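Here subunit A shows up in two complexes: once beside subunit B, once beside subunit C.
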Partner chain A sequence: MKKILENKKLYQLLIILFMLVFPFLVGNSGYFMSLFVTACIFIISAMALNLLVGYGGQISVGQAGFLSAGGYAVAILSHKFGLPIWILLPLAGVITGIISLVIGLPAVRLRGHFLAVATMGFGLSIPQIALNWESLTRGYNGISVMRPQWLSGDLAFFYVIVGTTLVIAWIISNIVKSGMGRAFVAIRDSEIAAQSTGIHVAFYKTMMFVISAFFTGIAGGLYAYWFGYVSPQDFNILTSLLILGMVVVGGLASIPGAVIGAVLFTLIPHFTDKFIGMTNIIIGIAIILIIMYRSEGIVSFLDRLKSPEQDDQVKGGV
Partner chain B sequence: MLNFENVVVQFAGLTAINDLSFDVSEGKIHSIIGPNGAGKTTVFNCISRFYTPNQGSITFSGKDLLKLKPHQVIREGIARSFQNVELFSKMTVMDNLLTGLHPILKRNIFFISLNLPSVRRSEAESRKKAYEVMELLGVRHLANEKVSNLSFGYQKMVDIGRAMMVNPKLLLLDEPVAGMNPVETDQISELILRLKNEMNYTILLIEHDMSLVMKVSDDVTVMNFGQKIAEGTPGEVQNNPVVIEAYLGELDSDVKAD
Partner chain C sequence: MQIIVSGLIIGFVYGLAALGLVLIYKTTDIVNFAQGEMAMVTTFMSFVFLTQLGMPYFVSFLLALIFASLFGIAVYQMIMKRVQDSPPLNQMVLTLGLFLVINGIAGLIWGYHPRSYPEAIAGDPYQIGTVFITLNEIFMVGLTFILMLFFFLNFRYAKIGLAMRASSQDTVAAELMGIKVSHVFMSAWAIGSVLGGVAGIMTAPFIFLNTTMMMDVLILAFAGAVIGGFVSLPGAVIGGVIVGVYENLVSYYIAPELKMVYTFILIIVILYVRPQGILGGPKFVKKV
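Entry: the complex of A and B
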């Protein structure tokens, strides 16, 4: 058993190492670093959405709304008040968390398709609000965002993003394995049993939305800082569906699954953009194949790889 | 300890429970028996606060249960198992039991996020407690098994185990041996007696298996069509002609519950 744990740690270490040396592997190429940052932003969003969909069983097709909200929170507040980045990023999360109450509270009473449609409505409305509330968002023109002096270099900010992603992954994994994470799964599996074990279902459902939105808001904030610009078209309904697709394809209720899905869906456009229309076709096919043949997601292939080894370990150990 | 007084529950004209009164005394095993559809599970669902009676009162140690929401009931010391097993099917046995500890677990989101030592300590204590309960139920070897992979008998055990995690004062068991084989039934009846004798649980039991009811019960309430038709010790009840009639439709001298 110990060996497996060590292996898992080893993989984590290798991934972290890869993230840290990545800029040098690609010779500080702006394109590849942006691709990597996009992956990180999607990784955070997918992990946060997985908390909601995979663990909590509450579907959301409005995550893009949270990304936009986080991005605009950073852009607007840095313009109006010039707050420093280490306050602004968490604040973007908090503001997005508060905004999520708009759907988190009604979500307590909605289920399945109805919840999906309600969250989709939320996701659709955010770009419209951004477009039309010109005094705050400058409408169609968007807002540019300046990074602070000491982080103006892409390499420095690249590490901020990598660091934030790792910290959020750690926090979400802590939440998932805690009593709170179990309460989420309990609500997904049986609300009745959850209630009679003392879980306040309405409270925890709202909590799921707030936590999920908090992290997605931070991801939106990182996006705004990295690309230096937010506009109403940045994240739309397709983004929401894409993030949901990442979670389903990578693996529901799995943090590595969310990471795999996010990386995959960031890489697919990189290879297919030359061929017009191919990106969506390939992503669509991937989703269909996974749902039909492997509903546990890509991450379940890893489980299979590990399991014979595990059996040996158990036998050897006993 | 638990007190039902003139409780009436109606669903759109159908009277599920009609003017039901009974008392569960502390430290006793109290069984509710009756034909299917007699309203037994409705009694449990009132205690769990999934249903609210149209009339009457339900008190527990003098406290009005009807003022509570479903998730608050367990904090008063009332835990339950379910007739059709309501487990968290994709969790392991361990996680199911740990979820049973929810009412007393640390809930500070910041502590949890940072996995502070206090959180890890309470998690370790919870696991210890879960192993104790598993030991008692004889399912320790299944700790890391997903409950959806277990047989129905084991699932029932886990369901009961989850209710035991918080050391409730009153344990509600809804047909604990339904679908179990005789060996498992014996295990459960021994467990129920141990819970009473060694751990001072008060138990309210719904059961169709008369051998179990007769073996473990101190008091029996018999229900039919939502009403209480008899009450007393197992011996009194099984010789009561009204009870026999309710079960079999007519008097028959052959019938003495086995």
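Entry: the complex of A and C
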């Protein structure tokens, strides 16, 4: 029995299976599928932010800016040039990655709350730019996005999103294990020590922002395609705070942690929607309680099930 | 000229809010993102005293500030005290959670309709040269100045200031020297909360009173604090004033809707040139 509980592969398989049969479990209900898609988008964003915060030790309170940028990149490019989706999604990531240099380059010199405020300013600026650059973004009206013919069905596109989420999860878990991931952790633990072992701190810090923005941009693109519409207020400062909350509540420097946090924070509004104004209170209380009593995040409950030698993940605070 | 003077005046309010942030950070090493929401609650309390209980302005002002200090103490005692030794990121996210809770509860109690809030001193503006200025604005600047001076002198010369500086440097050593560190931290939270509350009450007449009123003020106060270096009390006020004037100039000459974007550019430029802020002092790097 214990063997089965410890089997990581089995869990992964079960989760993938669940994701694949989900539309049939809820009878193709549009509401639940949208909820699931929102969760997937937040899972990608939270994993990307976790790369930055959990592994790299850099704080960002502006992830929503990257989501917006990705969404707008898809909307504008598909509108103006009619590029196909399989070019547009990676392109949205690349464009967001380039935009992230605005914040990634100065971030090399900043740390702690200075970085928090700078990224917060970035997250606040993107909606304002989207609102006021009317020739490009159509301001308040937003832009509608058409899905290509062969993906116009919700079910088909649902699988595109699930597939993308899984692929990104796989890529991120590999980045973390690669030399680059180790460099991130080294920078988090001590910049001086990292530098003295020959890690190019400035380069890796910028790379962290670019990679994180790349995946978040793709998530934004998926959002635009699924809901068929982008507007300046889709992702505001509160979204940035929520994504940061997901990472910390789920568990820093842990991919399952990011997934748990994202799913939890997507589900809470679903249950509290009936009471206006309760959503933020419940999420806020959840954040406060977790940090006060379980500062390693929810994922640390899972670690108890495992035996210590299997726990080979890179752990630690920032 | 008028633009610069109005910018200066609103800048002093940002400076006041920034002062509260810096004071809490400097003493307890916690960056308080919930500061703006705490100030918003204080402003609402003063509004309740003022309109529903019909008290005169200055009585309700003082009562609201007493409430603010108690609120700050409560937040410290109930929540912050327990995470004093957590990593900075956790503390930061915790105050973000607090921000959500306070904002949500205030929304439940007071609703989401904006209300108008009276000025401290009503009266027609005076004309000095080409500049119009109201008594209320003079009162605001004066109050900020007095508070700033008071806290600066206290921090520098009084015993409580010395205790605060000692506790921020090394809690263990401070405790060994007979300083009750938790009392010092508690008073930092109380004072920080009061300063934020004053800033909130000063801002309320300009923008309508509602639950999101302090969001922009908080962000601009943060910008001010960061520009000032985050550890320097005069720096916080100077940074706040810079942000206020700059924001007003941008609104007038470029576009009022884009002021956040330009403020962001200002932050990035200043921090890129001087990562520790204008009055941040030398940059310390933690050794391995």
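One rule holds in what follows: the second predicted complex is superposed on the first by the 300 of 318 C-alpha atoms of A that agree within 3 Å, B and C clash if a C-alpha of one lies under 4 Å from a C-alpha of the other, contacts with A are read in each partner's own complex, and residues count from 1 in each chain.
As a convention for this text, a residue touches a chain if its C-beta (ideal position, glycine included) is under 8 Å from a C-beta of that chain, and two chains touch if they have at least 3 such contacts.
These numbers were taken from a predicted model, which means no experiment stands behind them.
By the touch criterion defined above, A:Ile218 reaches neither subunit B nor subunit C.
By the touch criterion stated above, A:Ser190 is placed in contact with subunit B and with subunit C alike.
By the touch criterion defined above, A:Asn280 lies against subunit C but remains apart from subunit B after alignment on the C-alpha atoms of chain A.
Contacts of A:Met292 after superposition: subunit C is touched, whereas subunit B is not reached. The larger set of touched subunit A residues comes from C, when the choice is between subunit B and subunit C.
Applying the stated contact rule after C-alpha superposition, one finds that A:Leu244 touches subunit C and leaves subunit B untouched. In the superposed pair of complexes, A:Gly112 makes contact with subunit C only, with no contact to subunit B. When both complexes are overlaid on chain A, the residue A:His200 reaches subunit B alone and has no touch with subunit C. Within subunit A, the residues touched by subunit B in the first complex and by subunit C in the second are 190, 192-193.
The residues of subunit A lying in touch with subunit C in their complex are 53, 59, 102-103, 106, 109-114, 116-118, 120-122, 124-125, 128-129, 131-132, 190-193, 237, 241, 244-245, 248, 252, 277-281, 283-288, 291-292, 295, 317-318. On subunit A, the positions that touch subunit B within their shared complex are 171, 174-175, 178-180, 182-183, 185-186, 188-190, 192-201, 207, 211, 253. Residues 48, 50, 69-75, 79-80, 82, 86-91, 95, 98-103, 105-107, 109, 112-115, 119, 123, 126, 162, 166 of subunit B are the ones touching subunit A in the complex. Residues 25, 31, 79, 82-83, 86-94, 96-105, 107-108, 215, 219, 222-223, 225-226, 230, 255, 257-258, 260-261, 263-264, 267-268, 271-272, 275-277, 285-288 of subunit C touch subunit A in their complex.
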